[in-house]
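Chain naming follows the written order as A, B and C, and within any one chain the residues start at number 1.
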Amino acid sequence: MLKIISTVIASVIFASLAQAKETLTIYTYESFVTEWGPGGKIKETFEKTCDCSIEWVGLGDGVAVLNRLKLEGANTKADIVLGFDTSLTAEAIATGLFGKHGVDKGLAKTPEAWADDYFMPYDYAHFAVIYDTEKMTSPPKSLDELVNGDPSQKIVLQDPRSSTPGLGFLLWMKAVYGDKAADQWKKLQPRILTITPGWSEAYGLFTKGEAPMVLSYTTSPAYHMVAENTSRYQAAAFSEGHYLQIEVAGLIEASPEKTLAQKFLGFMMTPAFQDIIPTTNWMLPAGATDTALPDAFGKLVVPAKTLLFSPDEVFKNRRAWVDEWLNALSK
Amino acid sequence: MIKLENVGFRYEDMVMNFDLQVAVGELVGIIGPSGAGKSTLLSLIAGFDLPVSGRISIAGADMEGVAPDQRPVSMIFQDHNSFAHLDVWTNVALGISADLKLDPPQRKRVDEALARVGLSDFKARKSTELSGGERQRIAIARALVRDKPVLLLDEPFTALGPALRRDMLDLVREIQKERKLTVLMVTHQPEDAKYAASRIAFVQIGRIAHVLPTKQFFAASAPADIGDYLK
Amino acid sequence: MFRSLTLAIALGFILGAVALGFLPLLWLGLGQGGFHFDDYLPRVVGFTLKQAFLSTLLSVAIAFPVALALARRRFFGREALLKIFSVPLALPAIVAILGIVGVYGNSGPFGGLFSIYGLTGILLAHVFFNMPLAVRLMLTRLEAIPAENFRLAAQLNFSTGQVFRFIEWPQLSSAITGISSLIFLLCTASFAVVLILGGGPQATTLEVAIYQSLRLDFDPARASILALAQLVTCGLLVLVAGQFAREIQVVPPTLAKIRRWDGKSRLSKTMDGLLIAIAVVIVVPPILSVALSGIGNIRPDASLLRATATSLLIGLASASLSIALGWVLAETAARQPRSILKSAITLACLASLIMPPAVLATGWFVTLSPIADMSRYAIFLVIILNALMALPFVWSPLYPAITDSVQRHDRLCSSLGLSGFARLKLIDLPVLRKPLGLAFLMAVIVSLGDLSAIMLFGSDTLVTLPALIFRQMGNYRMNDAAGTALVLAAFCFALITLAQRWSQSHDQA
């Protein structure tokens, strides 16, 4: 035990002391760099291509990363930030910290053509309502059916004030219902079991059997099929289309390692990076892959239509939309 | 009056066994080294500890299965004899009725007991405002209103100065004579026992080694272990 | 001299930590131009106070008779039950909630009895967390009653009611205000419980609103006005409660073993049995549910070992810091009549409940990041924040014990010229061993269960057990998370057992 403790102390305190080689510091969300996430393998693969090392800094989620950048401003240690989704990029660019990536935008394989000069996508997935086939035989076929359906069949949602999927669902409602979103939220309210602060709590309640539905991603069933060998949990395809989450990375303009950072963003679009993503981050690759996706991914719902606000629209309206949601559900 | 026959008790590693007979109206001092079992002896008589064997009888009645409040006994401890947040009068009145519903004659008894122990002027004070000696007087007054034939004193005056101790012993002796009480008094000060007791029981390692009249106890001819203790 | 120096350091440390947290935020807020008032703030404050008031009322109302019953009775499994009562404190909210859901949720054995979402759920979870805490704190006071009081009661034939009136109530009444305000503050600062079981944004507390304004909106102006609202509300509450609090009755401990003769009637036995059963039904099944989901899911891999070691290290370090701060403050407060200094000390001890950790963390970051590499010092910030969070729990066993010791030993010590370290070694340490042990244990447990400080400062190189649970959940690994939660609960149970052995072995000495 003592040995473990001293190792912990040593690794915590001296983590960033051994920096003889060029080091690329990448801020990302925490789950990216856990032992199950893609971080470790990506570090290993990239370090083979250069005489450099990657230092991951895992911080909560994308919002936490952005706030950290705002707090640090020009003093930031980050060379690259990986893990925003497109609802945050406009706000991130507004900090003035990001530089253009200089990578060929054509390399991006997203549902819609990629046009951002500052950020490159590395994976994506559509938000979806995941349902428990043992509890629900006829899942809603549209957002409308979800909103107006049987209130005894509950759904667990996430709070848009504290979670990315929560915000994603709010944008989904807004994209489908526009000005009438508030009314539809009120109609949906009786079906909401509860609204949790983050994805983990919601998904935990769902797998505990508290509700037959939860808001997650179209890719979620892939995890259960690959890792747990069960097809019990499935995504419901909605006729209005699904809101898209694209996860992106960008580089810090003032970084002393800007060349290396550009190299990493280029690497990000290659199979060496992209092949790791599906079964570690449980998202769909946004660049070229060498190995075929596991079979399970072939069984996933492919949305008929993709819904997505531009980053600027989200940036301008988010606060008003969250307040609208707050008012609709608070009464 | 009090009869202990082969009374066995176990406290942690120590096995105790007591035999003792005390006559009505006697004041017996109990002395002996710390940890010998003096306080346990009183606790057994009062019913706070239960013997594993043997027989305790008071006034001819077997005490087995008799709850502490049903025994004809009042006990005064070294400390904590009164409730700090209650006034002196209430502390004494508790000795008559725990629900404090006293009729006029009973109230008079409380007043008289307080007068007897010299606390008439302190009725409305909280016990925390009193000196150590005055606090023990509360306990004596309560024993008076309870009016039980046996009084057990567990080092009640140890914390007091010599003159005050003498006063308190005088008070106990007067009351003992007035009420014909049978008194057992544990003390660490041999001179207290010498001053007040008619007989002295010497307790050692969980046994009553000797019971002697006071004069013999302090005489040069006393058994050697007593002499060693008194040295 | 020694005392005023240590006091200045301890008080300065806490006030500095709070000021470094709040002032930069306020400054940032002012820089962004003004505050914006709307009806959100009063609504949030209203709900915060309502749920905290109800939760406290319920927790204390149940804990009070349960503590009395537990003090009266000795039965098989009592020790184990009391140990289990310490476990909720160490469970991160999400683990406890999944435990509660496993029992009262839709698929639990008591599912469908009532809905656990909405105010009912919040109250249930808060009672689960705080009732056992209140029971333990009340029991500490009840067990300090001298054995002679019960002997006297037996001789005077006190009924159960009279024992309560003359012995138990006077002892408990001095502690009940303090315990209630602690629980009220804990419920005010409650975050995950309110969000998860609240059912939606109608159940928004100040803490949630502050978190939102710091995270999603990054609006320091709004965060600082909300933090100010929390500071004023909770600070006032603490001060007002302090006025009502009765001074602690000092009772010197005695060696006699406590035995009781009251409560012999069948009615009293039945009532006590019923009360204890109610407490068991509230506390035990959710913990059992956590344990059952964890069995078979423990993955004893490197990350679990590492997280256990990290948790232990942070727990020990923050408990030590917390004890040091609490001790120094209690030494001064115990010697003060009602005064401004005493109020200041009380407030300082509750700093982490009055000022949300999210605010402290953000402010520290703003202040420190330009001058130091934060990721390197993250572990120290977690330790400091955990120490502040443990301070209220350290305070409640330590303060009465120190007050007692001060009143009994001060004169003697000054007459003998004993002071400083000599006194610490000869008098205070031996005398305070038991309350210090309890305070240390509480502090370790609080730190073991902490998820907020570690989420604010933790990183991929700094993972405690709760952080590991959260990471596992965030990666679909709900079963692994259940296993880790069991390790955390078992770890806490083992610590309590160890601490009790230790205190008992010193009792006999």
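Keep in mind that, in the parts below, contacts are C-beta pairs under 8 Å (C-beta built on N, C-alpha and C of every residue); 3 or more make two chains touch, one makes a residue touch a chain.
If you're wondering where the values come from, they're calculated on a predicted model, not measured in any experiment.
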| item | value |
| --- | --- |
| Arrangement of touching chains [line / ring / star / complete / other] | line |
| Chain located farthest away, centre of chain B as origin (C-alpha) | A |
| Most centrally placed chain, judged by C-alpha centres | C |
| Where chain B and chain C are represented by their mean Cα positions, the distance between them in whole Å | 45 |
| Approximate Å spacing (C-alpha centroids) for the pair chain A, chain B | 79 |
| Rounded Å distance between chain A and chain C, as computed from the means of their C-alpha atoms | 35 |
| Multi-partner residues of chain B (each touching 2 or more other chains) | none |
| Chain B contact footprint on chain C (complex, rising order) | 146, 148-149, 151-152, 154-159, 162, 166-167, 170, 249, 251-252, 254, 259, 261 |
| List of chain B residues in touch with chain C within their complex | 43, 46-48, 67-69, 73-75, 77, 79-81, 83-86, 94-95, 98-99, 146 |
| List of chain C residues in touch with chain A within their complex | 40, 43, 94, 97-98, 101-102, 105-107, 117, 191-192, 195-202, 204, 208, 211-212, 214-218, 303, 305-306, 309-310, 312-313, 362, 365-366, 369-370, 373, 375-376, 378-379, 455, 459-462, 470-471, 473-478, 481 |
| Residues of chain A defined as touching chain C within the complex | 1, 4-5, 7-9, 11-13, 15-16, 30-31, 33-37, 39, 56-60, 63-64, 66-68, 70-72, 75, 77, 159-162, 167, 189, 192-201, 203-205, 207-211, 220, 223-224, 227, 282, 319, 322, 325-326, 329-331 |
